[in-house]
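What follows is a pair of complexes built around chain A, which joins chain B in one and chain C in the other.
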Partner chain A sequence: MSHVAQGRGKYGFIAGFLFAPLALYLTFVIWPYVQTFGYSFTNWTGQSPTFDFVGTDNYAALLKDEVFRGALWHNLLLLVFVPLVTILLALFFAFMVNAGGRGGAGGVQGVGGSRFYKVVYFFPQVLSLAILSVLFGAIYRSDEGGLLNGFLTGLGLIDANHPVEWLNEPNLVLWCLLLVVVWHGVGFYLVLFSAAMQSVPKDIYEAALLDGAGRAQTFFKVTLPLLWDSVQTSAVYLGIAAMDMFVLVSTMTSGQFGGGPDHHSEVMSTVLMRNFLYFGKSGYACAMGVVMLALTMILSVITLRATRRERIEF
Partner chain B sequence: MGSTGEGLGRRDLIKRSAALGLITVPTMSFLSACASGGGENSTKGPAKAPVTKENPFGVAKGGKLDVVVFKGGFGDDYAKAWEAAFDKKWGTTSSHLGTQEITAKLQPRFNGGNPPDVVDDSGAQKIPLDVLGKGGQLADLNAVLDAPSLDDPSKKVRDTLVDGAVEQGMLGGKYVVLKYVYAVSGFWYSGKLFKEKGWTAPKTWDEFLAVCTKAKEAGIGGLAHQGKYPYYINVVIMDLIAKKGGLDAVKAIDNLAPNAFEGNAAALAAVEAVYEVVEKGLLMPGTNGLTHTESQTAWNQYKAAFIPSGSWLENEQLKQTPEDFDMKFLPVPLLADSKMPLEAIRAGVDEPFIVPEKAANKAAGLEFLRSMLSREWSTIFAQQANSLTVVKDGVDPGVKLRPGTQSAVEALKAAGGNTFSYRYPDWYSEMDTEIQNASNELMAQRIQPKEWIKRAQAAVNKAAQDPNAKNNKRS
Partner chain C sequence: MTAQPTVIKAPGEKAAEQPGGAGRTGKRDGRRSEGMALNVFSHGFLVVWAIMIVLPLIWLALGAFKTDAQIGGSALSWPSNWHFDAFGRAWTKGIGGYFANTLIVLVFSVPLTMLFGSMAAYVLARYPFTGNRLIYYFFVSGAMFPVFLALVPLFFMVKRFDMLNTYQGLILVYVAYSMPFTVFFMHSFFRTLPTAIHEAAVIDGASDTRIFFQVMLPMAKPGLISVGIFNILGQWNQYILPAVLMQPQTSADPERYMLTQGLIQLQYQMGYETDLPVLFAGATIAMVPMLVVYLSFQRQIQAGLTSATLK
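Up next, the complex of A and B:
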């Protein structure tokens, strides 16, 4: 480092540009992590500057905490289903929009009105999560005023005196939330995959068509392998989103920072916030934060490794 | 690597910077008080008038009065009306600020040593009272309590307040916070609906169930509750326990007794009574998943006969309530062999008003608080904010109030000394949350009363291990 600092001109210039972002990153990203790690070994309440060192007590308590373990399980479920469902749907739609149309004389094209569909699909992405939770709150509303309940009652599928309490049903609540995430995400990944598909040279498709490949074959043999990089990136992003889920769960479900009914929609971040801000167990919450960080990092590495493939040049 | 060494160093650093911060805040205000205070203050500030019986704090005529109030559920019209009355009496010029950003607006002023004279420190962005107290920013309000009451100069202000009002304004052994709003909790119903259907307000739980059954026959729900926030249905359960088991049952829960719920016949009877409503299908359909506004609005649309809530309900629902709804309060009906009478109600205080220690016109601030505790100003508050105050019988009988507030006034009068309150939600938030979860399961018919008792007792036993359990005791 010392010769860089001493060197004037080019090196000083580069160092200047490197130093400011690095300092910002260290101050606002790394330092809070270090602090969190430190606090996780204390019984800090979050309301006063005094606390005692309690060693690994918080981590030991975490292992026995059934609520946190349940939350972890929910996060893992979401981790599997959010990327899987979102990516499959997005791939399907993207393929239909870009290459699903009848192959005419002009070669490969999307289904009719595909431009319109792209806008419609992307629309949910424009809405913020806060608006989304209000919107779906009205859809899942537990009395006959809810969109779903009103619809099902109208069809005579459910009794008006016993409407489905969507977000208050232990077995439904997590899937209801999953649907919101998928609805929100599909549009974005559709556009992402569309862009990737459009960069695939048309002659590859045309060659496949000339050889007599059907739609399914074209998709699995041509499109998917060429899109693998995008799919991989999407899986990591969606995985990180599934590890978070804080906004939706805390605004849509019952309980302080959500998680209801009776912890059935609990995710790690909601348990963390409740302990941090409401129960005054901030040291304990910091231990949860450290566990979350470790898990997210491990999972990202695993996803990237597991999906690693030979890169196809085109 | 020496990670432990590093850790200790870091903790020292935090402690030192925290200590530095603690020293700096008072020092800063001390310095700025020096800079702007002293001789300058006595020339600029109002001259002190002689202290008399009518003017116990020596308010000078024609000074300035600076009032900041939280503009939340109660609005701030009441404060404007008060200031007008104050200006008229004392010839002061008052400045008014109604805001939700209490901390942002006031922290610099407290730090700079020029705080307002009266503050309603409430809402999500309030300055924590314990922080202000530690910084020596809160004036001792004992002077107000010991001053003569404006309504009856032979009485001290202290003796005109409802029971428990003073204890709940104490901080570190000093009375520094005037919690002004008095809220009662129980059931609410529409006088219009009941008149139309020929129903009468139930006195016992059996009568309550009978009205709910009639409501169901009439095609509306019996009981609505704010399902997404089980706090409200807990009010019903806990009030039934209190009324059947008496104050001892309340204290057993607050003091985390090993038999607070388990082995307590009153508790089981109360939970079974609430469960009966669920079992007989007398809940408003879907109420278990609704928010407080959704369920209360449905109730306002005559979709249910009863809803539990506090006396803030009327103001909260002002826009959704039909003009002729005729909102009425009902103390929780009695179970057989109850130790408390029907009239007994849960009552609590809130909405903290303070006078800053360094207020420019502290005398006027104290006088303002004394005036707030007069019947005239209390009536103004009841009219403008649709809520009761801590002044005993504090609303003029001749004044026309909104029906809900009026019925709460009557219920409070009928209750007399039979009021009670629970402290555990403030003392043990985790226990409160666990009991709320259990209630949510009970209302959804996923657990039975016995299981509820078991879970509630487990929450109590867990809270007994809380370090706070040593400090929090009531007798």
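Up next, the complex of A and C:
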């Protein structure tokens, strides 16, 4: 067989294997992504086949849209607090699980039953956000039947006749949602950080212990710098999750596609969906999609740059 | 198997005493008591969070056995009867159908995802050709973008294909949106497989296609299992895509809600009908299979997810 024929056979094989996956991916993922940019400059309603090019009108309108600006602000708040709280808790637990055990001859070791903790903490991660919505909807019920209110009345901390209206309280609703995200995420990042911690050679810890380093010192001077890459990645992932929030907000809070009370829990994705499916403003919704993408990109870059450190090889 | 017997610690059991733990010098003792205090301290926090995870889930399941009045009355009440009828009602009120819909879609979408994802990843990982890197980054970059960026055109795209509220439409969309992660994961997996085996198969006269299906795929089994479980979980729990694509278009259209969507539907419905035990039963029915899958494959799931994220 000549080389040419062989080469052609190879290319045929490559093309054959790539065709179906690539075609599907281009049709349903890439092409819609690209189209969004185009539609964002039109006044398309989605109903009529015709639409006009309106330049940057949609973007100008977005700047003036009070609801969208509020939503943007909420996303930014979540963007700071979701990664911060989740990563801190996950790091704390990961350190406890991996190095919180008794010291002594064994050097640094995890607590007993560390396997058990890792399994349990991961539970929320396998539950769908829909289940989370039902669960936390019930926990945050505004009467005594809610787990949180029932618990607090049981402890005598709140009056049974005036339970807290968690999800209807303008100043509380966003933080209630934050708690759900943190509850959901901590286990995953605990496992992630644990894996990273375990890949650190034991003798580094032992050397630190021999040099007389305490737990806190070991954590800040040894563990954290070695984990920095994972922390960075996690911050980006959590940031992307904080940009979304659609399922929880739209199903747990009041209003068409959520966002209530009175837009106090509104996020960009819920405003987008309402404009698209309820108000029939497809072009406008596309402009929001583009803003979401731009912010995701900017924030990923900022996170990666701001947290950049000298990479430590081991 | 290692010859050394492994001691499996029961959940919550304290770490076994280290051999030679007794009789140490003063300085060592100081460190030991610090370790001891820390052990109690860390267990304390760990136990509290573990309770915060498990308690709400048990409480939710218990709600299925309560009466509606009990649920509204006090959160801390114990169910007065242990009838399973709320589960039956939840099943007939739609959960059964939603369950079936989700299964139908996943039976096709997961194997297709695995097949197409592996095919693309294999070619990209092991055949150098012009544009290889470009196509790879093309595939992988999809994971970076918010799905909302595509949602509006995607809806009209699926509509144009006349596949709104059809199983095949959702299957294709699921496969497409699972590509970035699957290709990314399998790509790194195929790269680790030894080239010698490939060469041996070529000398034996096997075609590229044959090598892929009969040599490479079986060797990639551990990777396939990890990424397969991940795709099952991801597609089973997907909400946004079905919420947009699986709405009945006319009143004559059948409801083909996925389980997640159906559960939210049930949440609205039961809010009006005030039959909350049904909602709690429905959520429990949706929750249990996932917990079972997770507990059976927890090692692969945790390992797979972390290796995929850390790479």
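The rule is simple: the second predicted complex is superposed on the first by the 286 of 314 C-alpha atoms of A that agree within 3 Å, B and C clash if a C-alpha of one lies under 4 Å from a C-alpha of the other, contacts with A are read in each partner's own complex, and residues count from 1 in each chain.
Here is the rule we go by: contacts are C-beta pairs under 8 Å (C-beta built on N, C-alpha and C of every residue); 3 or more make two chains touch, one makes a residue touch a chain.
Source: prediction; values computed, not measured.
For the composite obtained by superposing both complexes on chain A, the positions of chain B and chain C are in clash. Taking chain A as the reference chain, the count of touched residues is higher for C when chain B and chain C are set side by side. When the shared chain is aligned, chain B comes close enough to touch A:F41, but chain C does not. In the superposed model, A:Y117 makes contact with chain C only, not with chain B.
Once chain A of one complex is fitted onto chain A of the other, the partner contacts of A:E144 extend to both chain B and chain C. In the superposition on chain A, contact is made by A:N161 with chain B only, not with chain C.
By the touch criterion stated above, A:L129 is placed in contact with chain C alone, chain B being left untouched. Looking at the shared chain after the overlay, A:D244 reaches chain C, while chain B stays out of its contact range. Residue contacts after overlaying the shared chain place A:Q256 against chain B, while chain C stays out of touching range. When both complexes are overlaid on chain A, the residue A:F81 reaches neither chain B nor chain C. Once chain A of one complex is fitted onto chain A of the other, the partner contacts of A:Y11 are limited to chain C, with no touch recorded for chain B. When the two complexes are superposed via chain A, 289-297 is the only one of 289-297, 343-351 or 415-423 in chain B with C-alpha atoms clashing against chain C. Within chain A, the residues touching chain B in one complex and chain C in the other are 35, 141, 143-146, 149. Residues 7, 10-11, 14-15, 18-19, 22, 227-230, 281, 284-290, 294, 298, 429-430, 433, 436-438, 440-441, 444, 446 of chain B are the ones that touch chain A when the two sit in their complex.
Chain A contributes residues 34-35, 38, 41-42, 49-50, 53, 140-146, 149, 160-163, 165-168, 170, 254-256, 260-263, 274, 278-280 to its touches with chain B in the complex. In the complex of the two chains, the chain A residues touching chain C come out as 9-11, 13-14, 16-18, 20-22, 24-25, 27-33, 35-36, 39, 46, 89, 92-93, 96-97, 100-106, 109-113, 115-124, 126-131, 133-135, 137-139, 141, 143-151, 154, 183, 186-188, 191-192, 195-196, 214-215, 229-230, 233-234, 237, 240, 243-244, 246-247, 251, 268-269, 272-273, 276-277, 282, 285-286, 288-290, 292-293, 296-297, 300. Against chain A, the residues of chain C that register as touching in their complex are 9-16, 18-21, 24, 28, 31-32, 34-36, 38-39, 41-43, 45-46, 49-50, 52-54, 56-57, 59-60, 63, 71-76, 116-117, 119-120, 122-124, 127, 129, 135, 138-139, 142, 144-158, 172-173, 175-177, 179-180, 183, 207-209, 212, 233, 236-237, 239-240, 244, 259-261, 263-264, 267, 276, 279-280, 282-283, 286-287, 290-291, 293-295, 298, 301-303, 305-307, 309-310.
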